[in-house]
Amino acid sequence: MKIGVFVCHCGTNIAATVDVEKAAKAALNLAKVKFSTTYKYMCSSPGQALIKDAIKEKGLDRIVVCACSPSLHEKTFRECLKESGINPYLLEIANIREHCSWVHRDRETATRKAIEIMKLAVTKVTHNRPLEKTHMPIEKRVLVIGGGISGIQSAIDISFAKFPVVIVEREASIGGRMARFDKTFPTLDCAACILTPKMVTVAQNKYVTLHTYAEIEEVTGHVGDFKVKIRKKARFVDTSKCTGCGACWNKCPAKVASEFDLGLCKRTAIYTPFPQAVPNIPVIDRENCLYLKSKKCGLCQKVCPFGAINYQMQDEIIEEKFGAIIVATGFTQFDHSVYGEYGYGKYRDVITGLHFERMANSSGPTGGKIIRPSDGKVARDVVFIQCVGSRDEQKGVSYCSRLCCMYTAKHALLLKEHNPDSQAYVFYIDIRAAGKNYEEFVKKVQNEYGAVYLRGRVSRIFEKGGKLIVRGADTLSGAQIEIKADLVVLAVGLIAQNDAAKLAQMLHIPYDQNNLFTEAHPKLAPVETITSGVFLTGACQSPKDIPDTVATASAASVKALGLLVQDQLEKEPLVARVDKNLCSGCQACIKACSFNAIETKEVEDRALKRKRTVAEVIEGVCSGCGNCTAVCRMSAIDLEGFSNRQIMEEIEVL
Amino acid sequence: MLRIAQKEELQKMIDGFLADYEVIGPRELPGKGIFYQPITNAQDLYLGERFAIEPVKKFFFRPSEYLFEGGLKEGSEFLEGIPLAQNKRMIIGVRPCEARGLALLDKIFNTEYKDEAYVSLREKTILVGLSCQAPGKDCFCTSIGGSPVQARGMDALIFSAGSKYVIEIITDKGKDIFDTCPKEPDKEEIKAWESLKEKSNAALRKKIKIPESLDNIFESGYWGKVSSACISCGVCTYLCPTCHCFDLVDEERKKLRCYDGCAFSDFTLEASGGNPRPTKMERYRQRVFHKFDYFKKNFGEHLCVGCGRCIRHCPVKMNIAEIVDQAPV
Amino acid sequence: MSEELKNKAKELLTNKKVDLIIGYQRAADGVLAAPCFIDSQDDAEKLIWDSYCVYNLASYLKDFPAKRKGIVVKVCDLKSITVLLQENQVKREELLIIAASCPGVIDEKRLNPLDQQAQEIVFAGKCKTCKTITPAYYDILINEPQKNDKLSEIGQDEYEPVRKLEAKSIEERFKFWESEFSRCIRCYACRQICPLCYCPKCVAEQITPGYFSKGVNLEGNLSWNITRAMHLAGRCIDCGECERACPVGIPLRDINKKIEKEIKELFKYEAGLSVEQKPLLSCFDKSDPEDFIK
Amino acid sequence: MTGDRSEWEPKIVGFLCNWCSYAGADLAGQSRLEYPPNVKIIRVPCSGRVNPLFVLKCLSSGVDGVLISGCHTGDCHYSEGNFHARRRFTILRKLFEYLGIDPKRFQMAWVSASEADKWAKLVKGLVEEIRQAGPNKLGHR
C-alpha cells in the first residue's frame, strides 16, 4: 500500500496558520505513507494534476488530501482519483481548514492539530475499500394512492411521460374533495369545470389504470421493486357490463344519507357518489342494500338491462409491482362536536364550510340555494367562524390549516351572490392570505361584498326564537357582540385521514404527532420521504390549497419519473454489510432500520452444518446511516466508508 | 529441617519479611472467598482451611502479559521488550497442590524452553506453603501423586499445630528466610507433627482411579455424553494450577499473551476458519486427554494436582474426577 | 414433584412428543443439582426437581437445533425463553415448555465449601423479591404453583442493593467497582452461562478490529463488564446466572438490576414480557428523556 | 499515563454527524470563531452510527472526554438515527455514573448546521469541564 498525502495551502487560508511544509514532512513518518507534498490550491486544475502525476509516478494507491471540509471538495478529489485510474473511494479528506486553521490562531497549536487530523485520515484511508456504485433494476410503473386532484394530477404527469400508472382510490369515484367544491378561490372558477376534464383525461388515458373502490392491503419490497397488494372491494356491479345508465339507482328503494353531500340529501343503496363520477359505474353499499342484508328486493338486478348486477361478487386481492409510489391520500375534516360553545354539533344550522360548499353548488342538494338546513328558509344573517380545530392545542391541532381564511372569504362572497340581501359576519383570529391575489381577494370580499370581519372568538352559540344567537368579542373595538344569525358556518380545520398511520406503517414512512406524513426534509426534500421511492403530494403531508396540491403532485411526479427514466438505480456504495458468520439472526438491526433496508436470508452454516437465518442488507435501499451497526451486539453488520475497524483505529492513533 | 514458632512469632517474622519482599498471601474477602493478594502486615493473612479461588499460578504464568511493543516511531521501526519485574517476592500460604502445579509448569516453561517472563518470576519468588488439614469434598490430590502435606515445589511448608506452627524448611532459600526462627521442635512436637500429617492425609477421603491409558476410548461416545453440560467457559482452565494454554494477540502496538482454555469455542480455531476441535465434545476430550494421558506420556506424570478447583467452581457442576474415574476403558 | 416430572418425561419420550428433555439431575456430590439431557425413557428416572435446581437451562437450547426439546423451566427462566423467541433464536414449535412450580432456589455461594453434608438452604437473592408465581405460558405445568412464604416478602425493594450504591459518592462507587472488577479473570463464565449471550462470536473475541483489551487489567475488565451489561440492556431477565457462575464473586446482578431499573423508569420498558415486543435498543420514543444532552 | 498535571492538556474525541454537527463545526470555521484545539473530530454519517464500544475504546485508550454530537431531534438526516442514539447513550451514561465514571467524560449535544456559535461554545465549555475533571485514569496512556 502506498499512501500519498497532499497538503493544501488554500492560499493563506490554511498556510497562514498551519505550517503546511511541516505537516507534509510529518506525513512521511506515518505508516504506509510513501509521498507527501504541498500546493497552493489543491482543488485547482494544476493542483489536481499534481495529484494525478504523483499517482502515476510514485504508484500511489490511496490518497489523503489535507484541505477544506469534505462537503466542499470530496467529490472533486474523488473524480480526480477516478481519472487517475484509482477507485474514487480510496480517498480521505483531512479537514484542516474549517476545523483547524480557521478556528485557531496559534501557528504551533494549529500545526500540531493539523498533523493529528491528517493522522486520522491516513489511518482511515488505510482501511478504505474500493467500492463501486450499486445498480438495481426498476419496475417502470408508478402507484398513486388516492384519486383526488393530487393523485389525478400525478397520474396525468406520469402518463404524459408515457409510463404506466395505477391509481388506487377507495371511494367509488375519483375526484376526492375537490369534486365537492362549488367555486375555487381566488379566481372563482367552477371547481367541476376544471376538475372534470382531468378526471376524464385519466379515465381515457391508456397509460392510466384506475382501481376505484379499492384499498392498499400490503406493501413490501423497496424502491424500484415495490410489491403491492390491492384489495378491490366487491362493487356487486360488473364494470365490464355496466354502462352507467342509471336504471338501477332510479329504482332502488333503500335510501340513506349521502356521504358526498354530507347528509344534506339522500342517496340510494346502489349509487354513484355524484353525477360526474368516474368511472360512472355504481356500487352497492352492502350495509344498506336490502338484498345483501336480507335477500329481499333484488330490484336493481331485475331492472338492469345489461345483467351487470352480481350479488355474489367477492372482494378481490390483486398484486402488482411498482418502481415508485406516490401518496396522495389527502385529508379529512376536523370534527367540531368537541366544541361545547358551538353547540357540540347538535344545532342543525351550525354547519361546516363543506356543507356550505355543497349548498352553493347548483348541482348540489339544494340546487344552489343557501338555506337553513333546519327549516329550508333562505339564510340572511350568516356568521362564519374561523380556526375551528386549527391553532387550538387544547381541543384540536396546533397547526394552521392554511386554507380556511381563503375559503371563508369565498363563502362570504358566494353568500352575497346567492342571497343579495344577506349579511356575512366573519370571526377570525388572524387573516392569513399569503398567496397570489389572495390578499386582494379578501379585501374585495370585505370592501365590495360588505362582509363584516370581527377579530375575536365566539364564546357561545345558542338557539333563541328560531335564530342562532352568536356571542363573541370584537377585540379590535373591545365590544361584546351578539348576532342573531340564521346560519353559522364553521371553518373546520384539515386533519389527517383516520387511517393515515396505518398506511404510513405499511409504507415505512414516518408521520408526525398529527398523523401527517413526514417529508424527507422540510425545505430541500418536501415531496420525498426517507423511504426511497415513496413520494408525497397534497394534504396528506400538511394542509394545502389546490394550487399547492397540484404543484406538489407535479413535483412528486417528477421525482418518480426521475427514478423511472433511469436504466438502473444507482446508489452510493457507502452502505451497511452483514458478515453472515458473525450474525446471530437476532434481527435487532431489521427492527431498528428506519428504511426497511434489511431482510432475512437463510444460509448454510458450514461449521454447524445446518441452515441459519441471518440478516442481509438490501444495498439499493440502505441509506448508509449506520444505525444498524451500533445496534448489532456482535458487530456483524458494518458500514462501508465508516467501518468499525476504521473508527477503532482512528481512536487508537489519537 | 524443622522449626517451630508461636503464632505471634510467626507473625513477627512475616512482618519482618515485608521490609525486603513483596509479600503475597491468602486474604479473605467477606462474601467472596479467599484471594491471594499483597499484604501489608501479617494480620492480613488468612491461614484457615479454605482454599484460595485462584491458584498461585497467576503470579508466574500471568493471566495476561505484554511481551513486547513495536511499530513506527518518528518514521523508523522499533521493537522493545517490556521489562521483566525485578522485585523480590514471597508468597505465603501456598497449598501443596498449587506448589506441585508450579513444579509441573516448570516442565513446560523452565526446562528446555525457558520462558523469560515465567522464569524471572519463579526465580524472584520464595514460596512458603501451608499444609491442608481439612481438605474439601472435591479434593483428590492423593489419587494423583500429591498429598495435603507434600512439600514439592516449595521453599518451606508451614503446619498449623494448635497455637504453634511447625515450619518444614526445604530449600536454601527457605533456610535463609527462616534463619530468624532459631527454635527447633522437640521430640514430642515432632511426634505430634507426624501424627498431624497422618491425620491430614486421612482427612482426604475422595479417591479416584485413573486409567493407565485412555488411548482406546478416544472415539468413545462417552465424551459426547459427559461434555454435554459444558458451557464452554474458562473457569476450569483459568483456575487450574496446571493449565497453561495461552493466546497471543496484537493490541495496538503491543503483543499480548493471555490465557486460553480448551473449553472456549475458538480454542484451536485456525485463521482459515477451520477448527480441528469444532464442538465441546472434542474440546472436553482434549482437556481430559491432555491432563490424564498425553502429559504423562510426554513428561512422566499427570497434568493435574487434584485440587478440585475445576469441580468446585464449575458453573454447571461438571466433575472431572468422576469423569476420569468412570471412563469406560 | 420429582415423581410427577419423571412420569411426564417418560410419557413425552414414549409418545415421541420430544426428542430430548433438558432438565436437572443430582450432581456427583449427591447434594447439588446438575443439568442433564434425557433422550430415553429409562434415563427419565434421573430427573429431579427441588431447590438445588439453580441453573437456567435455556442456555442449552442452542445446542440442539432442529430438535424437539422439552425443557424444565422456572418462572424466571421462562422469560429468557421469551427473549430467545423474540430474537428468533429458538422456534416455539420445537419447544415443549415444562414449567415447574418454583419454591425458590438456593444461593450456592452461601454453601460452605468445606462442609461435606447437606446444609441449611439459603435462598438466592433473586428469589427473595420474586413476586411472579404463575408462568406466563407453558405446555406442561408440574404441580400447582405456590410460593415458599418465607420468600417474596411483599414490600421488599428488589433494587435495594442498587439504591445503596447509588447513594454513595461517585468516587466511592468507582473504588467499589474498581476493586470488584480487579478480580475479574476474563473466564467469561458470566457470558457462557447467560442464555442471551448467544452471539456466534462475541465482540470480546473479535480481533480485526479488537474492541477492547483482552488483558486482565482495569481498562480491559471494565470494558468487558460494561459491554456485557450494555448488550443485555433491555434483554436481561434477571435469572442471576452470571453472578452465580462468576468464580470471583463480582456482583454482576447489581449491574443488571441497575440497567433494569433505569430502563423501567426512563423508557417504561421491561425485558421478556412478550415475544412481540420490539427490542429496547431497536426502538425509541420521541419523548424519551434527554436532560443530559446539551 | 499523563504525568505532570500542569503540562496536561485534555484530549477529547468528538463523534460528529456528517449532516448537522460536522457542518456546524464547518460553519464555525467559516465564521472564524476561535475555540480550543483539544477536540479531535471523527466524522460519522449519523449519531446513530456511534457504537458504545467506540466510547469505551476512547475512555480505555486514555482519552479524557468523549462527545457525541448530532442533529436536533426531528432534524436527523436519516429521520430517526439520533433518537436511537439518545436512548442508547442515556443508558450508557447512567451505567457510567453507577460505576463511578465521571459523567463529564461522556457527553452528548445536538448541534445543527447553523449553530456555529453553539459548537464553539460547546467546545470551550467541554474543555473547561474536562480540565476540571482531570486526566482520565482508566486508560493506559
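Per-chain numbering from 1; labels A, B, C and D assigned in written order.
The rule is simple: a residue touches a chain if its C-beta (ideal position, glycine included) is under 8 Å from a C-beta of that chain, and two chains touch if they have at least 3 such contacts.
In this text the structure is predicted, and so the values were computed from the model without any measurement.
**Q** A-B or B-C: which has the larger count of contacting C-beta pairs?
**A** B-C
**Q** Approximately how many whole Å separate the CA-defined centres of chain A and chain B?
**A** Computed from C-alpha means, the inter-chain centre distance equals 70 Å.
**Q** So how far apart, in whole Å, are chain B and chain C when each is placed at the average of its C-alpha atoms?
**A** Distance between chain centres, rounded to whole Å: 31 Å.
**Q** Take the average of all CA coordinates in chain B, do the same for chain D, and state the distance between these two points in whole angstrom.
**A** Measuring from centre to centre gives 46 Å for this pair.
**Q** When the C-alpha atoms of chain C and chain D are each averaged to a single point, how far apart are the two points in Å?
**A** Centre separation, chain C to chain D: 35 Å.
**Q** Could you list which residues of chain A touch at least two other chains?
**A** Each of 581, 592, 631, 635, 644, 648, 652 in chain A touches at least two other chains.
**Q** Multi-chain contacts only, two chains or more: what residues does chain D have there?
**A** 52-53, 57, 80, 84, 88 - these are the residues of chain D that touch more than one other chain.
**Q** So which bits of chain B are touching at least two other chains?
**A** none
**Q** With touch defined as at the top, which chains are paired up in contact here?
**A** All touching pairs, sorted by chain label, are A-B, A-C, A-D, B-C, C-D.
**Q** Quick check: in the complex, which residue numbers of chain A touch chain C?
**A** Those in contact with chain C are residues 513, 581-589, 591-592, 608, 610, 613, 631, 633-636, 644-645, 648-649.
**Q** Give every residue of chain D touching chain C within the complex, in rising order.
**A** These residues of chain D touch chain C: 52-53, 56-57, 60, 73-74, 80, 83-84, 86-88, 90-103, 107-110, 122, 125, 138-140.
**Q** Spell out the residues on chain C that touch chain B in their complex, using ranges where they run on.
**A** Spelled out, the residues of chain C in touch with chain B are 27-29, 32-37, 55, 59-60, 63, 109, 113-114, 116, 183, 185-189, 191-193, 201, 205, 207, 210, 213-217, 220, 241, 244-245, 247-249.
**Q** Residue numbers of chain C touching chain D in their complex, please.
**A** 162, 165-166, 170-178, 203, 211-213, 217-220, 222-223, 226-227, 229-230, 233, 255, 258-259, 262-263, 266-267, 280-281, 284-286, 288-290, 292-294
**Q** Per the contact definition, I'd like the list of chain B residues that touch chain C in the complex.
**A** 29, 31-33, 35, 49-51, 53-54, 58, 62-64, 66, 134, 136-138, 228-229, 231-235, 237-239, 247, 249-251, 256, 258-259, 261, 264, 266, 312-313, 315-319, 321-322
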